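Each of the next two complexes has chain A plus one more chain, namely chain B in the first and chain C in the second.
On to the complex of A and B.
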């Protein structure tokens, strides 16, 4: 009788273990648990900042460009490549979009302003900003195409090719800006701002008697980026293009043998990454209503860290859109939490580094325990 | 006031010399003079642009060959650039003081020994200046500590009072660069304000919009904060956004910053920004080139110009907007 009971208990325990293993193996769950643990700790340590909604809304308003780049970079890294040029593409496309709005302030478009009154110029700004959207996305895709061509057709390793073009795109941005910075004054009064950057559900976010230049609410950019994340998840996990990327990332030679056009796929991938960086640059400029020649330049390490914290493999062949999305949030929440507690960014950097290492160990523990031989897991 | 008079004096002197040089027609005063000049961050960056434009204007007016060097504000790059300049044996090298006196001591000594004039800008190198002033080592820039103090005084005048709480978001641990943040925090503390000094991360330093949620969270966690200050030219224009996203009404928070980014100027104009230090960066570009020419040609000693013109206010902001769009202010 005892043996029967023990057997049932063992089976129940094994089933429970298997359920936990299955849940943990679900995409993004381990890293989501890390994010929840961090948020719980921050709620305890800085309750005013993390139990209200303003901090979270501020994150949604200000971090969409980084999320877009992390999503794109996930595809690139999953295919065994890297793109170091996206911060410079952000700068270049920020300039392109800003230039169409402030056409009176850039040397290659100011002829459009000649002989026009300030009122006429203001009306034209709102119209030309639509053209700016097309131009920014188009230029982003074009420079991405050049990155892809250098990697796929000429055969330059992506780390070298994109490092080189990063200098080109950044220099081009400064040149086309005429070395200037400019504010996009009154951009928040245009239809384009309402459609792309405005706020939703403003009624839910009470601001009392305070008159705000931009109402509180969920930024439309956050909704667009969430939809983009869903689309990219389907592309990576349910579409032939995503399947090809993972195959190439796993083994480019075998991918070629089974009939995947590796070169064309890589060109498409970098073109997509360029377009996404273009979208990021445009969104950044739309939200800040400002262009500076260093726009987006310090995004590189944060975005790469977020992709790896999220669980995408440096070896290629696997990538997680959900993980990268959460990875950005982890980095952001840690930075914000440290400053909210008055500890400063230097402490945040140290904590992020530790969480980075722990997150990578966690992913390996869940997915490839044999790689953690040093911790004794590989011998099981 | 004295500072303004000195700055105006320097500008007047510069104008007269340029006029003289132009009227001379054939031979320009700076002909044959090559100047290697450190500009700071990256080309076109907000605090770099007016300095670059000032230097270019002086070079053009005086007939100087100007070689610009950009360092992304990295002290070690500035030192490497000095070595590169030294190897080229120019007439003069205009450096930024960020690496500090000790780091530059041997390099400057080597340059002076080779007959190269060295002058400084943006961040002072007081020891080296005292040592080599008679050889043309001057300084054109703000007294960093005093610059922060000027901004703090404007914040106090805007209504901060003893017992209030303020947060200064700065680069306190980054050597001389943190002096302006320290000047701001010290001045507020002397007036009885409780100051929380918070160090910004490298990512925020290079990507200022990332500071917004951090400062919003800080204000949520410390709702009794009455003032927010920084001496970072990229974060300053974002302070009104921080106040707005933290749910503060226009003018509810006293905001003090630095430089005249177009967005900062728009905020001052709209009354959502309390005070911003005007460093007159154009002068920080123009005057070192002039110093080089005068010292190379006429063995003139180094002159010191505090380029700070006080803080930008709604009174003077309208006149400055076109100049800021042109990258002059």
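On to the complex of A and C.
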């Protein structure tokens, strides 16, 4: 049990909280300071990469799928569960989206291309890609639902259930792709590209007379993901569903006693996570204009690390959307920074691992100091 | 009420009136919990009748949720609050004040939570407000919050399932004061308690259950604590003789 502060001390601590203490207690502020400190250090150590805008624009362009997954995983971890299958859901939904655009290239849709001219096929690609959006989100939600059903209704712990289904979704993706990778040629000429992947404020980021195929600028994905982060913040902190997740993560027995439908909430949670992974897969494919059979597989550790570095409780019952968003930026900036300093990905991995451990210790210090007996904290 | 071949309760005739605290006592396995679970809609009995406010209740239609609708609330031994959550969330968990899209009216919930803390529970000058997390509260304060929640939601019948178990002496006193508040607010209460002194002090009537049957119905003042203890020991001896 946690140590109980007596009434007098509690009163005093409430009154004495200074402005600085209150600002520091605001969600995301401490982690934002950590990010700023890291950026300042990197500006000093690798000025070439971190004093211009190119690195930052490139992060905005390339890391939106990881941010989406980190936001979703925040809800999952806050409710005391884990989802290890989202990288495979990314691969699967990447394929689903890519298949609708390149229907001429996959064995289960190529009958549509029979007897059509290349011009007709190109026109159809642009139209079918819209269907691809619906299909990628729908399939993502559906496989998430299967994850949820295994966890909530069958009762398999989520770490095992989603580890198992990760194999299934990944295998399914490779099977449906016919085992090959393919490009989504000319996707950047479609209307769909314009509203999902297109660039904003390109005038601000021109350099010289170089004309890039895809101009530098703020990608619309980044704006969509920011809006999604705001929505998910409200869902976790201000919606009945988010509150149910917090209570389940805190103590599932209590959640049941206060009248929360624990099973239904868990199924909804994994369905949402699946749909978000579907969105991530779709955005990834749109940006790279390519499908590979390992698409998204590298995101697992980065995303989980970002959520915990961000401050979401390893014990469940609390989670921070702002922290996870910034957590991804911290991990990514460290990766880029190490490489920019000429140190390579191997050193970057080691640094991220150390930051991960330090961050978890720091968060535990706030949340459950008694668990850190080994470091001399807590009396028991 | 039977579980398979085991008859847990038999011929139990049990009533609670308005403004009355009924203490339910008996050994472990006597059937107290089973009786409570039937009343609160957790279990359905093999046979029997239930009347709430003189209205017969159909078992097929009775559940925990229905019990809530009929203003029956239960405060469990422990673990009826989310530890890491602030009190305002705990008061309204499962029945939040929301708009039509399910978003919570946080300001209103906090306002009401603070009111409950002050008026219903009587937390004054102890540094607890709606923003406090449960983990900062002592065991007795937690039970107070759970009882206050039941009272706020206008429970007419509050079932207390051993609310003082595992509490320090000082904390027990606080919980007993909360229970006293239930009486003064004009509600009915079923109070399960192992500690005879507590239940003897608070209950208007004591119902002793033994091996699934009601064996005595003792009104307040009929027996001193000492006599009550002797009475229960006599029952125990009879049981041992029979076995």
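To be clear about the criterion, the second predicted complex is superposed on the first by the 345 of 380 C-alpha atoms of A that agree within 3 Å, B and C clash if a C-alpha of one lies under 4 Å from a C-alpha of the other, contacts with A are read in each partner's own complex, and residues count from 1 in each chain.
Following the convention adopted for this analysis, a residue touches a chain if its C-beta (ideal position, glycine included) is under 8 Å from a C-beta of that chain, and two chains touch if they have at least 3 such contacts.
Bear in mind the structure is a predicted one, so any value in this text is a computation, not a measurement.
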{"item": "Partner chain(s) touched by A:26 [first = chain B, second = chain C, both, neither]", "value": "neither"}
{"item": "Contacts of A:346 with chain B and chain C, given as first, second, both or neither", "value": "first"}
{"item": "Touched partner set for A:250, first chain B, second chain C, both or neither", "value": "second"}
{"item": "First, second, both or neither for A:241, with chain B first and chain C second", "value": "second"}
{"item": "Touching partner for A:183 - first (chain B), second (chain C), both, neither", "value": "first"}
{"item": "Between chain B and chain C, more extensive residue contact with chain A", "value": "B"}
{"item": "Contacts of A:296 with chain B and chain C, given as first, second, both or neither", "value": "first"}
{"item": "Partner chain in contact with A:337 - chain B first, chain C second, else both or neither", "value": "first"}
{"item": "Touched partner set for A:46, first chain B, second chain C, both or neither", "value": "first"}
{"item": "Complex interface listing, chain C residues touching chain A", "value": "64-65, 68, 76, 79-85, 89-90, 93-96, 98, 101-104, 106, 125-129, 132, 135-138"}
{"item": "Interface residues, chain A side, partner chain C - complex", "value": "2, 4-5, 7-14, 234, 238-241, 243, 246-247, 250-251, 253-255, 257-260, 313, 317-318"}
{"item": "Sites on chain B touched by chain A in the complex", "value": "41-46, 49, 52-53, 167, 169, 173, 196, 198-207, 209-210, 212-218, 220-223, 234, 237-238, 240-241, 244-250, 252, 261-263, 265-266, 272, 325, 327"}
{"item": "Sites on chain A touched by chain B in the complex", "value": "46-50, 52, 54-55, 57-59, 61-63, 105, 170-171, 174, 177, 179-183, 185, 207-214, 216, 284, 287-290, 292-294, 296-299, 301-302, 332, 335-337, 339-346, 348-349"}
